[in-house]
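Two complexes come next, and they have one chain in common, subunit A, joined by subunit B in the first and subunit C in the second.
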Partner chain A sequence: MSILKNLPQRKDEQYPSMIIAGAREHGEQPHELANKIFSEMRGDFRYKEFVLGCLNCGECTTGCPAARFYDFSPREMLQVAMSDDPDVLLDAMQEKIWACCQCYTCNMRCRFGNDIAGIISVMRELAVRNGLESAKEVLKPASRSLLKVMTHGTQVSPDMIQPDFFIDWDPKAVSKTGDLIALRKAIPIDVLQVTDSSWEVSMQTALELAQIYEESGVLDMLRSLDPDLVEMIVDIISDWKDEFEEMKEKFGI
Partner chain B sequence: MKMLSADQIREVVKARSEKRAVSDKKVMDIREEMWNLHDKGEIIVIPIEKKNKPVTVRTLFGWEKKVPTDHLWHHKSCGQCGNIPGYPASLLWFMNQFGTEYLNEPHQTSCTAWNYHGTGTSNPVALAAVAVRNWHRAYETGTFPLIHCGTSYGDYKEMRKLIVENKEVRDKVRDIMHHMGKELTIPEEIVHYSEWVHVMRDRMAAMSKYDLSNVTATVHEPCHYYKMVPEDAIYDESVHGGQRPAPPTALMISLGAKVADYSTWYDCCGFGFRHILTEREFTRSFATLRKIKPMVEEAHSDVAITTDTGCVTTLDKSQWIGKVHGMEFMVPVLADVQIAALAAGAHPYKIVQLHWHASPTEKLMEKMGIDYTAYKNDFMKYLEQIKNGGEIEYLYTPHREMEKYFAVNKGQVLPEGMKSRTG
Partner chain C sequence: MICLASPRILVIGGGPAGLSASIDLFEAGADVVLVEKEDVLGGTPKKLHYSLIAPDLKPVEEVLDPLIRQVESSAVTKKLGTVVSAIENGNGHVNVTFTSNGGKEEAVFDAVILATGFTHWDPHKKYEYGYGVYPDVIDFKDFEKMLSDDNLARPSNGKMPARIGWLLCVGSRDRQVGKFYCCRVGCAVSIKQAMEVKKKHPEIDTYIYYMDIRTYGFWEDQLYWKAMEDLNVKFIRGRIGAISKGDEGSLVAMAEDTILQRPSEVPFDMLVLTTGMEASQGTVEMAKLLGLEMEEHGFVRPLEADSLPVHTTVENVFVAGTATGPKAIPDAITEGSAAAIKAFNYVRRSRGKKATGRSMKKDARAYAE
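Right, the complex of A and B next:
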């Protein structure tokens, strides 16, 4: 049974521990994919800084919020990170890595000084970069905020706090749609008086962020996860580049 | 689900426990090496100068940390600006009261770490470059970055360490910066706004118009303030015996409130980064059962105080749904600077913007002696005035139209074709 709600049903016949669609898409057998991911993780410069050894003491797990609600434990994740079996790694990367809240409580408690939250993040990066189907499923609902952060540089915007998206929040906090523009104007800070971004990010700044995402390889990484989203981002940035040139003329720059 | 067999686990434990012998990780003060790199011309350290009027505090291991109090560059938080706007407004309001020089610009992105911690869709070079791009803007305007968000603060401390320790990342980030006419700059200290509040707390308390002596507060300490790069958080032996971070407890004591303990103070809020956006069944369960319930039942809390975006959001917004499980109690959740602003007489709606909060704040204001009805009526009138195209009140002179596009700096529109001083 899946522990997270957004995960697909497993196809168990041949590879009981794996969601195999991601592997198929790459024309690879799962164990080849597992080997590839395993060597990528071991080759990452952070691996030897984050994974220092483990007593299996479970101190990390006793303070872990995710362990209270999911079939998940940071102790197990650290053991997985140290395991020499690539299949064990790929298996944990299907679901378990997404349970972590990134609160760093485990790091604070671990007497070995492991960066458990950090190695989980490395695994998440690898899941995204390798286009695992499970990562696509888990992150599908996040595409709206991904688009926002990649273009506007801010994670959320006031117009995202809508009842359909935040059905469990107090209606008082989400039913401002009608008044939203006026309410934003009533914030005494000019750059906050927008609804489509947390604050107004200047175009030059947004274009510089896009340049960072491009030069650092994040856009390529995202392509494995959601090529359509990348297309959308590229289109928006390209329109902004044109507008930026027009503005240079307008303001005589 | 494929599980490790008992034999496999035994093998792993046996093999890995032996690594005890090689685990000699020590926590180093990264700032020393940072200054070495500055002297070698590899990076530029943005110094804390006299004009920044620094106050020195102590961190976890007793190391000194300088907290600049003037000429600041506001590094805003996406969650604060997006749904708790009274958070930054209260901070800027205080700075106006103190005559603090600051810049609050559109030429800033978020740290993007919320996204990274939630989805894994970034990498170390990108995160470091985003940090440096923002720091550089403070550098070129002669100000010092003040980080509003706990996650940005934690992330920037990680990025500082990464850039200092890893030459490959450093070189890549420097290249990206040079492509945009910028330098590889790192601030002398990474400073969270709550640290500014902490060192200004007595001046804030001196402004108090309303009394908090009847108020019992519980404190939620944000994980990314003190569990991420723990050695850099402020501790003070006179606060919780130096066993917990000093902000914001020290402020609440200065304001005259009772700070009550509760058993789950150490737990996170349940934000989860990914969970708050797309899997809130975890977030709301954790927030209500592990935080709000003990705050109310054990500590009889009148207000929960915290110092981070995600924590205010999670603890505040998750309460209402608790009613379906018979949790009829609600406790207001405010940032440290918001309650300090309320006590100092800031307008609860025009400045502290309490109408964005989901948990009711009226009882708290009643306890403090604030006539919130009069303020509410005043705000409703103001809102009508805005809707009718009337005048809008600002905390500083709004930016010019061209600054929606260009990072204007002292009459210079794009960063000068600077000759590189680094690398």
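Right, the complex of A and C next:
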């Protein structure tokens, strides 16, 4: 029993919707996934630090480059983060959160001291972890870069400069891919003579990176989004592991 | 024998609070010294040439000059162009050293009233508003002067402005600059300024950008409603977050209209920043000399903010006006009178007892009761 008077009489399964509430039929419960994501966000240790309150001044949105081009506003994102309605959160995660380019201007402006860009990136993380369609959609064009990063530690490699990959690139860039191997060999820096990564990555480094991705849970996180990609990464890495073991045996390390 | 002498009370600061404290102390029969570092009385409102004073929209002269004249014609000892450079407070006696062009001078008092006031926050620190970069971005104390000089010409080209904007809460309610509190008067003063503009120049467009309009009490209808209903002052709910140069030397104010939830860009000829209040240098220095506690916003801590607002943590030191936080002129005047009677009664009462001048909350509280 609370000693405070005049509190609303709520049952546990009823959700207060104080700031922004999603549209729901009377008595209808929020989406199950929404509930899960909502409690994950509220339970994240960063939530308390990032989301303090809001004066609705709009200065964050004034400086936001994404707000100029999309139906998006950091003020709204902060309100979404504060909303007690899980459906409101899930709704914003379907599309809006991906409009942000993480420039942090909003944080520089916010007189309340919110970390708006930070809470947006927490929401994105949750979208990835929970395999939301929106995250799949956003990551699709980047899957080749992801494969490179997670196997070689470098994002773009010379052999990715292909018409089907960078369709909107300058046609001249594409025409240069013909004698790519020769061109790279002409660079007088040893580590740059490869074409399948930006520079030559030692196998040991690649394997250490792979271990970090595995142990930090990044691979698991990706699995819900793109299982095929993860399969490919795991295959490549296990091949390398075998190769590395053979090498160690051969040279007696 | 000492009981027969008049209480000797020092008032530091000759603004609205200090003036009113001096008058009341003098009328009660105290021996009053009023020290003011400027060469004129009247404090910040006079020094910075404020225009009309809310709520009755009377010129500052009409409000403060009667107080100044009363002090000037009384036997209150006025020390203008003088600062307090040292204080020793013990055994119920305050030994004060005054410093002026004429050199040093010492005197002993039974109690002190601190009325050293505030300063307007410096908007240079909010670089995104372009103060000091764009000549037509000015702060509201400068605009008060322009109003009282009846000269609204744009600083950049000397032409009359066609549209003026106000941005409220600059250096107030802002964690980024460490000013968490509300300035209490900014909304009212800005609206009053817009009304002054509209009354004299109805053709000038006036916009006020706000987060909340805080026109307490009667200011609501006297200023806010009247500005809207009678004078067509426009209000935009949202803050200007960036200012850039537009056509023909205009300033484009970028904001989010948070009601329409849309970006808004409006060209202005002049933008006025409604800056907040902070404790003046004098307040900070004197509080240190007197050994007063400060509160979390940087002002002097009253002994009890609710019930003993003009007592301080030192038993024979009293405080009035904006030294304890943002306040309007009428409130500062009221507090000056309150501090006067509290100081006067304290001295009378303590002469019967063994006063110590110790810095102890319990003691002061006991005296206060």
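Rule of thumb we're sticking to: the second predicted complex is superposed on the first by the 216 of 253 C-alpha atoms of A that agree within 3 Å, B and C clash if a C-alpha of one lies under 4 Å from a C-alpha of the other, contacts with A are read in each partner's own complex, and residues count from 1 in each chain.
Basically, a contact is a pair of C-beta atoms (placed from the backbone, for glycine too) under 8 Å apart; a residue touches a chain by one contact, two chains touch by 3 or more.
Keep in mind that what you see is a predicted model, and the values were worked out from it rather than measured.
Asker: Could you classify subunit B and subunit C on subunit A, in the superposed arrangement, as clash or fit?
Answerer: Because the two structures are overlaid on the shared chain, the partners are seen to fit without clashing.
Asker: Answer with first, second, both or neither: which of subunit B and subunit C does A:Phe112 touch in the superposed model?
Answerer: A:Phe112: touches subunit B and subunit C.
Asker: Taking the superposition as given, does A:Pro141 touch the first partner, subunit B, the second, subunit C, both, or neither?
Answerer: first
Asker: State whether A:Gly63 touches subunit B only (first), subunit C only (second), both chains, or neither.
Answerer: Both partners, subunit B and subunit C.
Asker: I'd like to know which partner A:Leu55 touches here: subunit B for first, subunit C for second, both or neither.
Answerer: both
Asker: Looking at the overlay, what does A:Ile189 touch: subunit B (first), subunit C (second), both, or neither?
Answerer: Touch status of A:Ile189: first partner only.
Asker: With both structures fitted on chain A, tell me whether subunit B or subunit C touches more of subunit A's residues.
Answerer: B
Asker: For the superposed arrangement, tell me the lowest C-alpha distance between subunit B and subunit C in Å.
Answerer: Nearest C-alpha pair, subunit B versus subunit C: 6 Å apart.
Asker: Kindly list the residues of subunit A that each of subunit B and subunit C touches, one partner per complex.
Answerer: On subunit A, the overlap between the subunit B and subunit C contacts is residues 55-56, 63, 68, 112-113.
Asker: Considering only the defined contacts, which subunit A positions touch subunit C in the complex?
Answerer: 55-63, 67-68, 73, 75-76, 109-113
Asker: Going by the contact rule at the top, pick out the subunit C residues touching subunit A in the complex.
Answerer: Residue positions touching the partner: 128, 173-176, 211, 238-242, 254-258, 261, 263.
Asker: Which residues of subunit A touch subunit B once you look at their complex with the stated criterion?
Answerer: By the definition above, subunit A touches subunit B via 4-6, 16-17, 45-46, 52-56, 63, 65-66, 68-71, 79, 82-83, 85, 87-88, 91, 98, 101-105, 107-108, 112-113, 121, 123-125, 127-128, 135, 138-139, 141-142, 145-146, 149, 153-158, 160-161, 166, 168-170, 172-173, 179, 182-193, 198-206, 208-209, 211-213, 215-218, 221-222, 225, 244, 247, 251, 253.
Asker: Any idea which subunit B residues touch subunit A in the complex?
Answerer: Against subunit A, subunit B makes touches at 1-2, 4, 8-9, 12-13, 16-17, 19-20, 22-23, 25, 76-83, 85, 88-89, 92, 104-110, 112, 114-126, 129-130, 133, 154, 166, 168, 172, 175-176, 179-180, 223-224, 226-228, 230, 266-268, 270-275, 277-282, 284-286, 290, 316-321, 350-351, 353, 355-359, 379, 382-383, 386-387, 392-396, 398-399, 402-407, 413-414.
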